[in-house]
Every structure is written in structure tokens, then in C-alpha cells.
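Chains: A, B, C and D, in written order; residue numbering restarts at 1 for each.
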Amino acid sequence: NDETYMNFALDLAVSASGQTSPNPLVGAVIVKNNQIVGMGAHLKAGTPHAEVHAVRMAGDQAQGATAYVTLEPCSHYGRTPPCADLLIESRVDRVVVASVDPNPEVKGRGIEKLKAAGITVEVGVLKEKADKINSFFFHYMKTATPYVTLKAAATLDGKTASYTGSSKWITGERAREDVHLNRMKHDAILIGAGTAAADDPSLNVRLDHAFRQPVRIILDTSLRTSPTAKMLHDKGAPVWIICGSGADEKRKQALEAAGADIIKLQEETITIPVLLGKLGEKNIQSLYVEGGAAVHGSFLDAAAFQELHYYIAPKLIGGKTAFPVFGGRGIALMEEAAELVVESTETLGEDMKITAFPKKG
Amino acid sequence: NDETYMNFALDLAVSASGQTSPNPLVGAVIVKNNQIVGMGAHLKAGTPHAEVHAVRMAGDQAQGATAYVTLEPCSHYGRTPPCADLLIESRVDRVVVASVDPNPEVKGRGIEKLKAAGITVEVGVLKEKADKINSFFFHYMKTATPYVTLKAAATLDGKTASYTGSSKWITGERAREDVHLNRMKHDAILIGAGTAAADDPSLNVRLDHAFRQPVRIILDTSLRTSPTAKMLHDKGAPVWIICGSGADEKRKQALEAAGADIIKLQEETITIPVLLGKLGEKNIQSLYVEGGAAVHGSFLDAAAFQELHYYIAPKLIGGKTAFPVFGGRGIALMEEAAELVVESTETLGEDMKITAFPKKG
Amino acid sequence: NDETYMNFALDLAVSASGQTSPNPLVGAVIVKNNQIVGMGAHLKAGTPHAEVHAVRMAGDQAQGATAYVTLEPCSHYGRTPPCADLLIESRVDRVVVASVDPNPEVKGRGIEKLKAAGITVEVGVLKEKADKINSFFFHYMKTATPYVTLKAAATLDGKTASYTGSSKWITGERAREDVHLNRMKHDAILIGAGTAAADDPSLNVRLDHAFRQPVRIILDTSLRTSPTAKMLHDKGAPVWIICGSGADEKRKQALEAAGADIIKLQEETITIPVLLGKLGEKNIQSLYVEGGAAVHGSFLDAAAFQELHYYIAPKLIGGKTAFPVFGGRGIALMEEAAELVVESTETLGEDMKITAFPKKG
Amino acid sequence: NDETYMNFALDLAVSASGQTSPNPLVGAVIVKNNQIVGMGAHLKAGTPHAEVHAVRMAGDQAQGATAYVTLEPCSHYGRTPPCADLLIESRVDRVVVASVDPNPEVKGRGIEKLKAAGITVEVGVLKEKADKINSFFFHYMKTATPYVTLKAAATLDGKTASYTGSSKWITGERAREDVHLNRMKHDAILIGAGTAAADDPSLNVRLDHAFRQPVRIILDTSLRTSPTAKMLHDKGAPVWIICGSGADEKRKQALEAAGADIIKLQEETITIPVLLGKLGEKNIQSLYVEGGAAVHGSFLDAAAFQELHYYIAPKLIGGKTAFPVFGGRGIALMEEAAELVVESTETLGEDMKITAFPKKG
């Protein structure tokens, strides 16, 4: 029964998917005498938390009721007063929590407050499901770096272009639409300077119902990107260009003049851990890495990804010197290969999509 | 109702899978007054045809009955007298045939004979299914070359070895067992000289219930293969080594002394069409191509395969210079990529198996 | 896309199942720029309507937004001011409605008001689903009589007791639990005086999470029911006894003294249409008829039911004079048999449950 | 692996369904070196047993092979010499048997013979499946009485006719077709004299592919059946009329003159056990009881059925005095109700078919 209500609270939370960043998805339900008396979800950063809506709706009915919240109620004064205090004032008897808030400012303190006020608190109901809907947020809170989704599209034989470089299009319409959906879910999209130069892509979300455009990031050690790149002139999302310490100052100014934000690292070359730390500082909680091969190779070599979206076109390109989907250095011994746990295999038009996670040591 | 009986005849045919080569699978059922009065299957080359068993079982009951045969009854004197004649003598009224025999010696003549004798003949009942169970035979009869199954096993990113050459084992136990099952289904297995030298494989069928060992073929233009190769000394199936016209005579003699059959082509280099023509002459109806990359690349470049078995291990190797599953020259333009129709996607242990066919122009 | 949001609004509505009577279930979602800015459900009669919660949550964001409501917004001053006015004030641009409110006091007037205010209104999105969740309410509003669910439990051969009258228990635990769930969904439960006398049942909802107890009704033309009946003394839900005009006044007083509400009809015998009219007047929107055979027979003879829950125990009782599940007069000719549309067949423990509806002429 | 071959032998056996009575279905497969060298099925009483066909097909290849037989090989000289001897002569090494032959003339003797000859025998592979395909035969061999299938068709409320007796048609086309299929599977069909008088049915198998017509049996204690009954004049299957010892001799002669076989019992009234014993003597292995209510009631009261086919029309007839599907005396106490195990629930057009078996004590 607790699970039924928590499931509903999770449905409420998920209804706001993609619109709460940098805040997590949260849902709340208040139940008295087996009847729902309040419900709410957090809808957008800067607006009330889920608990506020639910308590408001419940009014007097909250007294003696049970509150179901998908994430531990906050305990600190942010843009809003702490929800833990609100629940105490509402005089609920019992609070059921799916997950403890990994935010170092909360992390159990909300629960402590509730308990100190004599409220029965149960933690862990549908925890796994609750963690999954906020996987970006949880990862970011624990590591201070973005959750990385590698997105790759290749032929069945693992190639992205023929030996001559011919490449458009590997996958079909439905797969590309899925890519746009996934772009919108992330805070930022990342490509390498090579891809930027070769394809001059706009990297925006082309969906009728798009409501946000993630930051576009180019890894470009020596600022080779042209100030006339399409991305810089479409007045869409910001463009960030990451470069090494030796990047030419004039090129930097030209790109800045064209509208780019240049992030010059202290190191001469870009390494993935440093990059992710920097993006974390800039509040990027989730990163969608679109390649090309060298960039994918770097993330693979650094074992720096949390999820893999691999689109397979039912084609063979062949060719010893054709372009492989993953470049970089690669592993030396088979025992070192990155092992994956396949979560799902879908069919998208003629293509296949494999969603996988790195196997945990 | 015709379909019900033909389905049963197909079940009878299929029960002898793998044991009739070079003959096709054939089943026969004789039905009188809605009751089965005879049934049979062809079990092995040199033994009676399906119709012979069925007519024998039916005895007098065949008179006025309907015979269901999955392949057109033969019309020529082979090791046995023609089945068309036998059916006429049995005095059946009606013969239902799934597929016309593609064998140039039959090809409609059996049906003609039956019709000439006043028997009603219906052709095409469950034809597609009947053709499928004899896909090797049909292809061979039409082209005089073997049906080619390409078997490839790679990581998700299409690689078979790391940049250092480390490769064992890509796939797991269950996938390897499936490979042994498929080896047994084919008349011959083919690898390149490189793979032969690197792995020194035995290429036999390692299954408890194995009842035949296909011919092992090495593509080896200049006869680099060592006379001490394991394959030559295990007293299993024959080993054929295909070489170019310039291959050294001494090496040839050494290999022959070690037990190999050397097939010297008239051309200096081995081309796939010539190879397949030669194997066709030698009654190889089906060929299982196990690679490596260069061999796979050659078959792909020549568009010379009828089926693809692609095993995917849920791993990433990465590396710009790691070994790709398909080598060769490869296509130049994406429009030329070999498009595939995926028939099935299976899970074998942790691995995935994709079975596909080239898309028909 | 409209369907996605309406589906969510329906989920919100359904979350309050069983707790809103006599009001219908209603959900509302407000969406701006493809993001949810408000949501709500009607939770209980006397508390705010769904639209009120949603508009409150949206605040300023409602301006220019689209509101999704599962039922036409109300247009009349009830316990709360009209939701149509509220939506107009909130300055939403567009309202999507699943179903027109069948309440004669609304019936299109809410929509008119919105349109008159220049708001785009779309009606009918997921109408069928929206009508289904409020089937009781819709039926009641259209007919002024309760929605009748006949509940019957019998052996496979359609009997409820052996020739000796032995009957307990026909069905098992799981089926009985399902009956309790369905009791709770209805405003009232009805049995005949015979069943009341024979079983002396309590007719309450025995579920841990029960939050309401429906009115218990006995059809008892001549007030044969004993003033000591269990039902009258358990301080549960009200007990209504329906009697004919000739019922004895002393018996009436005795039963009233015991706590029953006696509803004396103007006719000598109870007919189903009169009964349903009377219950309609008393705001009973849904009636769960539990039998026995004579009562079921009367409802069947009057073609007065909207739904049938038929539980089958996998047993045979047999016997020419055993008790049939449906009594009454019954049809005379097979052409007159009540034809049913089976909606679902479920397995409940060892028993089977068939849910069916009368076939529409 | 043994299961694979036994499954194929069972497929062979089942291909002759309905055409072997009074013999059981039997299939045989002979396997050598993992290849099938012989196969066969018993097709009709009086023709060779399955083993004979399979051994003939195998020829010399039988030596050292394994024979799979779905029923113990026979050990006695019947119309054919014993199959146990044949297998010994064929020099097979090993015999795998699904079920021991329940025929008192065999019952293990065949297996003994094989073992005595030094052959390895394994018994019980896929026994359950093998028993199921010969359920009639096994029951008959064990009890010397026919396997009884009760077939009933009623409305959802367990009625077969309205209070006026109106009854045609309860079920639809598809259900009736299924009845014809099941008639053909049984050796005899049985109805009561009442049904015979009321409906004057022909009780034959009306299917395009019918190949046998079961004996038609009327239970008619005092020979009320008219000598002009349709059944007696259609030159279809035999008609047997069972009567009590007091039946009028003149009526008997008139019916015999009309073509009926009259079976006069020694008792005045017909009891089910005596009836079944008599039918067993007359080699009826399977009996399909079609009713009416009194007959069904008698079989139920006597607990004398092995299978129930219950067709439900989605209709309600109602009526205290409408006709119930099961008549007879019936059980007195609910604890005595015949409990059933439902094997399957199918949809046939608008109707439902429930196949059930009596629960084993």
C-alpha cells in the first residue's frame, strides 16, 4: 500500500521530466484514512517544492496523515523555507521517503528534523525507482561531475564512415528523432573540434515540443573552430569552447566576438577528468557526448561514462581503413575491455538501439 | 487442409536436417479419405527417397489418394528409379507439391510426367517454408556455387582485437556452442591463411552429438601455411588449401605430404567468384566463412554472401588502430553500403546474435 | 501530445477513486511551452475542484497556457465559484476537455462561457476513457437512477446452492476479497429479504484500507426482516429497507426503533423501475446488487443493469431442484435472452470472474 | 536429446489421431550416430505397428541404433508378430519407451523381452505427454469402461432453455463446429430419450473432412423412441438404444425393424456403472455425452466422467423454472460438489469453452 502511493508520487515527479534542472524531480502525496488529501510535484527551479503544493492542497487534512515524498524533504533555507519544517507544521504523523537526498546540504538532516519532531519516518520505499528517475542529479551530487551519456551511431560492423570518409546518413529518421529527445534531457551536448569542423552542425533540439536547448560544447585544444560556425550564429543555446592553455589569444577573441564562451584550461591538453570537473563547477549535471571517434575514444579510455546509447544501422561498410566508431588509444588486453550491462535493445525504424551501462567492478 | 498435411511433410523432411547432403531435405505424406496412409522422409544420400517410404507404407491404400511432397518428385534415373514413375504406379489421384525441383535434371519434368499420367498436380503449397529448409540446395542448384554464411564475432564497437592484437575470447560459451552447431550445418568452413597461422585452429565440430565434420578450407595464395598445422594432423575432416598459380611447388608437396589437398587456381591471386565456382565444382553446397577481417572484407567487397551471423559481445575495445571485424577495401560511398534485413536478434548468454540477409536490390 | 497531457490528467483524476462521491473524478493539468506548470485533482466533495488546485499551482504561469481538464469546467455557483470563470481569469489561452459534463446544470454551459471569453476550446480528447472512469456519475446524470452492477457467484453449472439449500462457500478467498473491493466502489449494496433472513449478513466492506461503507438496502415488501438482524446493530453504514404500501406499521416502527430507515413505496409490490427512481432521488448513484436469485431475476427481467460481475467456482452441483443463480420469471423465447458483451475474464485464485455489459440494441 | 527424438516420435503418433481406434496412437523413431535412420507410426488397426515401419526403413542401419517408441512394444502375437521380437532381430542396442502398455496382454512383458535379449531399455521419457495422447485407450485398458467426456452448452447462468422450453441455439457456429470435431474423436455419442424425442437429432459429424461417424446411443429405459426417428433412417453410423429389462418387446421389434440395435439390460432401470460396463464390453473406448440435463445429472451423480467440455454463451436466460444444464438429483452438501481442475479457457466466436477434469481426491 505504501508502494501504491509512492508509485503515484513518482508518477507526479516524472511528469515534470526535463523541466526542473538543476533541481531533481520530486513528487509528494498526502494520504489520510486511505484517501488522498494532497498531491504535488516540483515543477521548476525557483518554484515551490513538491511538499509545499501537497501540504497546501491537504490543508487541515494533513494533520495525522501520512506524507509520501520521493526524495528526502529539504532541511535548509534555500529559495524556500525547509520542507521538513513545513511537514512538521502541517502535523503529519508519518513520512515515507523513497531516497535520502545526496545533496551534502541535506543528506539525512531533513529526516533527522522530522524524527526529532516525533514523526515516524520510513526510508527506502521504491528507492531504486526513485534513484533512477534522478540518476543525473544523484551522480552529480556524489561526484561533482556530470553524468555522461555516450551516444554512438554506427553500422553493424562498427564503422561511421567509409575509407573515403563518406558518412551521411548512418541511421534513419526514427533513430535521429530519438537523439533529439535525448539531447533535450541533458544539460549539455559535447563534440570534438574535428566533428565541428567536418559537419558544422547546429546541435540543437529539433522537436516540435522542445522546451529547452542544452549548452553546446566543443572540445578544441587549439581553438581551430571557425568564428563563422553555424552554431555561433543561430541564437540558440550558448556555445562553450574548451581549449588548452596554449590556445591562441587572437582566435579566442575572434570566437568570443562571435558569441562563444571560451573556457581555457590550465593544462596544455584537455583531459577528460579535468574537463568533467570544470563542467561540474559550471553546474552541468548531465552531458551527452556525440563524438566523433576520437572524443568517444577519450571518454572510453578514461572510463568516464555512465551510460551508452549505441545505435546500429543494419549495414556493412567494411574496409580496413574505414572509420571506426570508437577511436582513441583503446585497451591493450582483452581483459581490460570495458564490459557493459545491456539494459535494453529497441528497434527504431530499421535501426536498433542498445542502451547499456558499464559493468560495476 | 492441404497446408496441414504439407506442414507435416515438412516436419518429416526437417527431421533429417544435416544428414542428407548433398541431397535436399524431402518429406512425403499420403492421405486417403482424410486419413494418413503413408509417410516418409529422405534420410541420407544413397537411401530411398521420401516418396518411396511413403508409397511403401501406404501399399494398396495409395490408390485414389493424395500425395503431399515437399519437393517435386524426381524424374530421372539416379541411384533409384524416378519417384514420379513410382507415384504413377501407386495410382494416387492427386499430388500436392511445395516447390519445383531447381535441379536442372528435374525442374518441372517430374510434374510433367505426373500430369501426363492424368494425375492432378498442385504446386506451391507452403512453397516459402519449403524453400527455406533447403536454402543451401536451392542456391547451389541455381548458381552452381555454395551458399555463403559469413560468421563474425566482435565487440559492440565492431572490433575483434585490441591495438596490441589481444583477442581471446570475444564471445562466451553459449555463442561458441552456437558456432559449432552452425559449422555442422555447412559442407565446408573457410578461414584465411592469416587466421590459420595466428590461431592454429582445429575448426572441427565440438559437440557431443556431432555426426559430421565439414571440410576445412584455408585461403592461402602463396601457401604460407605450415605443414605442422594442427588441422593437418587430427585425422578429422579433409583440409583443402586454395592457392594462387604462383604458389611454390615445394611448399605444395610438403603440405600434401602432411595430408592437405592443394587446389591451385589458374590465377595469381584468389578472387571470390573464382573460388566459389571452384568449390561449386567440388560439390560444396554451403560454406561457413569464419574470417578473419581480410577474408570477411573480400566476401563483403564481392557482395558474395547469402547470410550473416553476427555475434556481439557487450564490450568496448576502442582504439583507432584496433582490429576491425571487417577489413578489405570496403565501400567508398555510404550509398554503396551492404544493406541488411535483420531476421532475428537472439541473446546467447551475455552475447547477442544477429542473423541477417543482404537486402535484395 | 494533447493525449499525453490528458492521460496524465486522467491519472490524477483516478488517484481519487472512490473518495469523491457524489462528485465525479476530475483531473486538471496546465501546460505552458511544453512544460507542466500546474496540476490538480478533485479529491472530495466540498473541497476545491481540480481546476482550482491546478490554477493555484500555476500562478502567473497560467497566462497563455493550455489547460487540460477531464470533465467540462463547471459554470454554476455551487459550494465553489464556477471553474469556467476561474480559467478565464487565469488567462489561459486554450482549454482541452475530455468530456462534456452531463450534469443538466452544466452540459455545455461551461464550454460556452470559455468560448465567449475568447478561449480556444477542444472537446473530446480521450473522451471514451474519461467517460469510463466516471461511468456511475454519467449514468446517474443521464437517467436520474443509479448505475446497477449485478454481482453473482455460482458454480460452473449456474447454481448457488444444492437441492437441500447447502451453499457456503461457493467461491474462494480471492473472489470474496474482490467483492469487498467492489462493494466499496458503490454508493449502496442491495439484497433481498430472503437473503437477509437466510444469511443475516453484515454487508460491510472488510478491507484493511476501507474508507467508506456503502448504504445497505434490503428489498422487503412486507417487512419480514427481523429487528434483531445483525446489520441493524453494528453501527456501520445506514440500513434502508424498501417495502410495499401494505407493509405493517408496527413492524415498521420496530425496525425503525432498531435503527433502519424504512422507505415505503406507494405501490403494493416493489418494481425495479420505481425502486431505482426512488434511490436516484436519494442520491444513490451506484448500486451493487448481491442477490439472491429472486432479486437478480427481477433486475434481469426488468433489463435494469449496466454491468455484470459473474464469479464462477470450478465446481458442479447438479440437481434439477438445486438453486439457480438467476430466478425470477426469466425470458420466454431464446431471442429475448439478455445478450452480453464480455469485457474481461480473470482468474481469482481457483475461481473465474467474468465482467460483462448488456449488449446495446 | 532423448526428449527431442521422443517428441518427434510423439508427433508421428499424433499425426494418425482418430484413425487408429481401437488401437492406441504409437510412433517410433530409430536413431544411429545422431542421425535418424527410420521412422514410423501406427496408422490403422490391422496395419503394421509403428515399429515395423521404422525398422523396415532403417534396414541394416538399425544395428547398434537406439529405437524411440511412444508405447511399450507389443509382446504377443496379434494380427502381427510381436514388435519386441522385431526390435531384437533388428539388433538395436537400446530402446527408449515413453509409457508402459496398460494392455493386460502386454504390461511390461515387451520390456522384459527386450531386456532379456540384452537390450538397454529406458522407460518414462515424456511419459505424461505420451499418456495424454492416448487418454481414451489408457482409461479403457485400466477400467474396461469408456472414457467419458461430458459436453454441455449453456448460458452464463447455467441454463439451456427458458421456462417455456425455448432453446435453439444456445451457442454459435464456431462452438458447434468444435462439437463436431469432438464427436469425431470419440467412439460413441450418447443422449437421453428425452433429447432424442424433443430434438430428433441426427448426431452425426458434419465436417468436410470427417472420416468416421461414431456409434449413436440413446438411453431409453422403456423404449419410448419412435421408429421413425431421423437417426434410424440416415444410413449413417449404427444406433444403439439401451433399455431396461421391462421394455416392451413389440416396441423393441419395431425399433429393430427400423435398424436400431437394442441393448436390454438385466435391470429395470439404467444405472451409469452398468451402462459403462456394457459399453466397455462392446469395445467402446470413449463416450461423448451430449445430454440433456437428466443424463448429465446421472453422470454427475455417479461421478462417472473423465473430462468436461463446457460451452458458455454470453447470455442470461433467468427464470426460476427455466431449464438447468445439469439435472439429476445433484449433491446435497456443498462439500460434496464435484470439484474441477480447469485445463483451458478458450474463446470460440462469441462463446467461451472451458475444458476441465474432475479434481483427483
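Simple rule for what comes next: contacts are C-beta pairs under 8 Å (C-beta built on N, C-alpha and C of every residue); 3 or more make two chains touch, one makes a residue touch a chain.
For clarity, every value in this text was computed on a predicted model and none was experimentally measured.
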For subunit A and subunit C, what is the smallest step count along a path of chains that touch one another?
1
Shared interface numbers for subunit A and subunit B above half of all numbers used, same, or below, different?
same
Please identify the chain with the largest separation between its CA centroid and the CA centroid of subunit C.
B
Counting only Cα atoms for the centres, state how far subunit B is from subunit C in Å.
66
As a quick test, compute the distance in whole Å between the mean CA positions of subunit A and subunit B.
48
Using mean CA coordinates as chain centres, what's the gap between subunit B and subunit D in Å?
45
When you check subunit A against every other chain, which residues touch at least two of them?
none
Examine which chains touch each other and state the graph shape they make (line, ring, star, complete, other).
ring
What's the complete list of touching chain pairs for this entry?
A-B, A-C, B-D, C-D
Report the residues of subunit C in contact with subunit D in the complex, numbered from low to high.
152, 154-159, 161-164, 166-170, 293-294, 296-297, 300-301, 308, 310, 314-322, 324-334, 336-342, 345, 352, 354, 356
Flag every residue of subunit B that touches subunit D in the complex, lowest number first.
1, 8, 11-12, 15-16, 19, 29, 33-41, 43-44, 53, 56-57, 209-211
